[in-house]
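The structures come next, written out as structure tokens.
There are two complexes below, and they share chain A, which is joined by chain B in the first and by chain C in the second.
And then the complex of A and B:
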């Protein structure tokens, strides 16, 4: 009966653990000193706007408390709100605002201004020379950072045992916040998976060849999604690889937003920078290695020999398969004529009477 | 005992009494070409065909080929529905490509092992003056004639199958294809696996990489299709071989198959195999053919 005692003990222990989990999972203190949630906590708070679209103004406290913005008070971003209850909001949120959060050791309040500057310089930033259509088509902060219902930080990736060691010196609150906000992104280039990055760049945008053609991008760019998906990088990523290059692995530095056309000197895929870019994964990069075509499309204009070869290889493939199958078919017919059947007798097929007449 | 060919034929098949039909072997007599229709055969094999080296090589080749094809092709056709179904149980593409490389390593080992045994075996045969080109995989004009002869036979325009050596035209064709395929796949695969080092090696790395991508995939698709659609059906599914030809496991071939498709090899074997001579004589006697030589 000794082992039963052990089981009882383990059961009690597990139960206690579960109980503790429930007790300690209570909502953390939201950055809601102005009590916006008094109204916005209601799940069906919303209206149908002038365009007839349904707008939902509910903020889920539990989800918001898990997001990167959990310490930012509402009005730091929604600056147009001056009195409460507020008028309908017509102004978009400006991600370049300073909020009332002071980063550690900083004198100024936090703002996304630096990354926005980087972004505005990149190919995706609005330029004065752009046409209206192009301006409209270019992505803005929320185009990529779509935050559907305030995307949760992927807690799976936060190693709690690692974090425990930080507590030896650091205060729990600050370091946990830094860890969740920053460190989980250091493990990958972005907090998004590689598959999500590829989808983000291609869907409705770079894979839309007509749209790209209207904006006068190069042929190589028009085909870029297609050629990427045909490359070993694209194939591995689409199958769920965690080790293979996605779009921003090559097209941006760790700033992520500094994507340029390849003729510009700042571009990571510029001839002079390729070596450093490839070196992130291919350690022994040399001058000849960077000549290799990454977005390789085999077309009759660009690569006539390979194009010709590809067609010939197709003929050889089908020729040999059907040739050999023809041979096997002739042989099968001949053997049937010999009286050999597919019926099994004594472990092999059975030889009957020949139909050849000799 | 009579030895001249005129006195041998006593069966009803008088019309078939040409020199090609009857094959004379000393100590046995004149053997009709289609005697294989009357012999007893054990499906597991009666006569030796492959040494243990060849059986091991084939088995390793078989296992690595299946592994390479399933991991490689499902990576290549990653956008098709079945690819994740194969890759997921293997641990996704990141693990599958390691498996692919290990299998490739084993396959290269098999190729080296094969060449090694081939050189040793050939040297051994040459030194004992037993080397015979008819028993090798080297293609000759005879193979081309055998192919035409065989097609005519299967279409009913020829009376007997050709007399072929240890390796018939189909096997030689397949063997050459494997040499070519392995060469292309190993070279292209190396270029893909070590792009940095191979970029230094090839004169035009951009072209070489594109060519390697094209050839590695194409050759793999070709090899897999030939093996699945032709080799397997040809070896195991045609009537007479169905449901399984055990040679690749036992290293032995059925008597019927040996006489039918490797007649010259069978005759060669008869010289050193008294038991087989006695057995063949008993079959010949039963069928009313004359035999020669006393009891062994």
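And then the complex of A and C:
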């Protein structure tokens, strides 16, 4: 009888424990089966490290659940963590790891291996011949990517009505997530805006002419950001266009990471591939069209005619504006000398009697 | 023009058209001026002067701070969440020198200790007890004399299981001395006369003088805060119930996960957990 009571007590205790686990482990934290968010959900989980750098270890629960990695268990990426509570992490995440997510119709668990292979072959991939400085300067996965958050496709009406049709056969929750996963990538090559892409490539890297010079890149590449910004593409993007070419539009295929030097055959800006690259936006492309220099630096030495033309256009623009303003100014001074008062009211600009009697 | 009667009865539409033309003319002039002086698309005649002034005011430290902040965003990867910041002058006096990450010495637990700055004022853990006076804990919000809550961290969202989103983003638990029926705040605010005076003259003080003044701020402050079990226990010094925590949140804080974690930490780090803090 005593044993029975003991067993009942233990069973109740285990049941209660399981119940509490089920109740308190949120459905949103399904990927967090090891309850890492128990600590990491807090905003000020962090420190200032020995080098004076602020380290923030907070993972916002709400944001995380809106990201593409929301179903990936933490330790699928943070593999160096073997026990909890864990020591400070020194090992970087390897995005080529296989995680425990099996995509639909796939035989293997998911990994970014294919992208990394493409990236490693590209100009940005680390090569054995690279200097240590160059290796350190090359962008790695996290240099360009934050954990991508789902964004809605622009065509809201199409998106919602299409999704509605899916519900005729599929369960709402799963198919909504799958739908968002695919459609947020449908807008153009990347889910980021044109402006973000240009800033990403320029800032701290391609626009740093000294850095580029140290890595022995061509003059054309050193000036590439400046010349892009002067181009029609650059100007349109800087004015907010979402239809104009950014860096990735021309320098990569839909694989995004396959960026090569232009003399390499695989490069999208290699002269043999230019037609296909331009045709992504410009339907009527011919041999003459692809000769247009997109990154055109107009200097008197390299392109004297264009340089001359640019100066002439400047004269036309400023000459017209300042010519008109100058004429108005001369007219104003003349009239004032003549004794006529200038006013901006009652619909009359000039009032008074001319010294010349009319 | 002279001698002729001035016409004042123009129709309203004339004034509107005139105004539109004036706006267009002014816009063109301003745009051309910008194109000529600073725009990267024009000759940028005044840009060298602007750059010269910027170079004069350039701070390598500030540039590095900005650069590191940006790097941290990418190192972090998980999208650092934006939170509203309390106005600088509303923060406790501790923030003149310490940031939201004040704990740094104990490598094992500094991040965990810093985590608490979201919920507690510094005084809640570091105020010296006064003999014969009871220390009690209540919510404190410098922008609201009697915060009612609900407070962040006190309950879970029943749908998602995450900590519930609340409107009050700034209230923290603080220590008060109970004198009779009254609560006397232990907080040192930035608008206190000593703090205001210190901010005004700190750059003029020698390092020694500055140290002396800093000690004044720490007269009633103990360097070691409470041990975990003081709060994360059934016999917690915090009355979670009174502070508005929900039942399941209290269980979590007092018993389930935190206690388990502390036990694990005890194996490694206690009893010297706070020795070097």
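Quick note on the criterion: the second predicted complex is superposed on the first by the 255 of 358 C-alpha atoms of A that agree within 3 Å, B and C clash if a C-alpha of one lies under 4 Å from a C-alpha of the other, contacts with A are read in each partner's own complex, and residues count from 1 in each chain.
By our rule, contacts are C-beta pairs under 8 Å (C-beta built on N, C-alpha and C of every residue); 3 or more make two chains touch, one makes a residue touch a chain.
Just so it is clear, the structure is predicted and the values come from calculations on it, not from any experiment.
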{"item": "Which superposed partner A:85 touches (first chain B, second chain C, both, neither)", "value": "second"}
{"item": "Touching partner for A:265 - first (chain B), second (chain C), both, neither", "value": "neither"}
{"item": "Which of chain B and chain C A:354 touches, first, second, both or neither", "value": "both"}
{"item": "Touched partner set for A:333, first chain B, second chain C, both or neither", "value": "first"}
{"item": "Which superposed partner A:321 touches (first chain B, second chain C, both, neither)", "value": "both"}
{"item": "Contacts of A:341 with chain B and chain C, given as first, second, both or neither", "value": "first"}
{"item": "First (chain B), second (chain C), both or neither touched by A:309", "value": "first"}
{"item": "Chain B versus chain C as contact partner of A:241, first or second or both or neither", "value": "first"}
{"item": "Contacts of A:289 with chain B and chain C, given as first, second, both or neither", "value": "first"}
{"item": "Residues of chain A at both interfaces, chain B in one complex, chain C in the other", "value": "229, 235, 317, 321, 325, 340, 346-348, 351, 354, 358"}
{"item": "Complex contact set, residues of chain C against chain A", "value": "1-3, 6-8, 10, 14-15, 18, 28-29, 32, 36, 40-41, 43, 67-81, 83, 99-101, 103-104, 107-108, 110-112, 114-118, 156-157, 160-163, 165, 248, 251-252, 256-258, 261, 264-265"}
{"item": "Complex interface listing, chain B residues touching chain A", "value": "13, 15-16, 37, 41, 43-44, 75-76, 78-79, 83-84, 87, 92-94, 97, 150-151, 153-156, 159, 170, 192, 195-197, 199-200, 205-207, 209-211, 213-215, 218, 221-222, 225-226, 229-230, 233-234, 238-243, 254, 256"}
{"item": "Contact footprint of chain C on chain A as seen in their complex", "value": "20, 23-29, 35, 38-39, 41-48, 53-65, 67, 84-85, 87-88, 93, 142-147, 149, 204, 229-230, 235, 314, 317-318, 321, 325, 340, 346-348, 350-354, 357-358"}
{"item": "Residues on chain A engaged by chain B in the complex (per definition of touch)", "value": "229, 232, 235-236, 238-244, 282-286, 288-289, 291-293, 296, 298, 303, 306, 309-310, 313, 316-317, 320-321, 324-325, 327-328, 330-338, 340-342, 344, 346-349, 351, 354, 356, 358"}
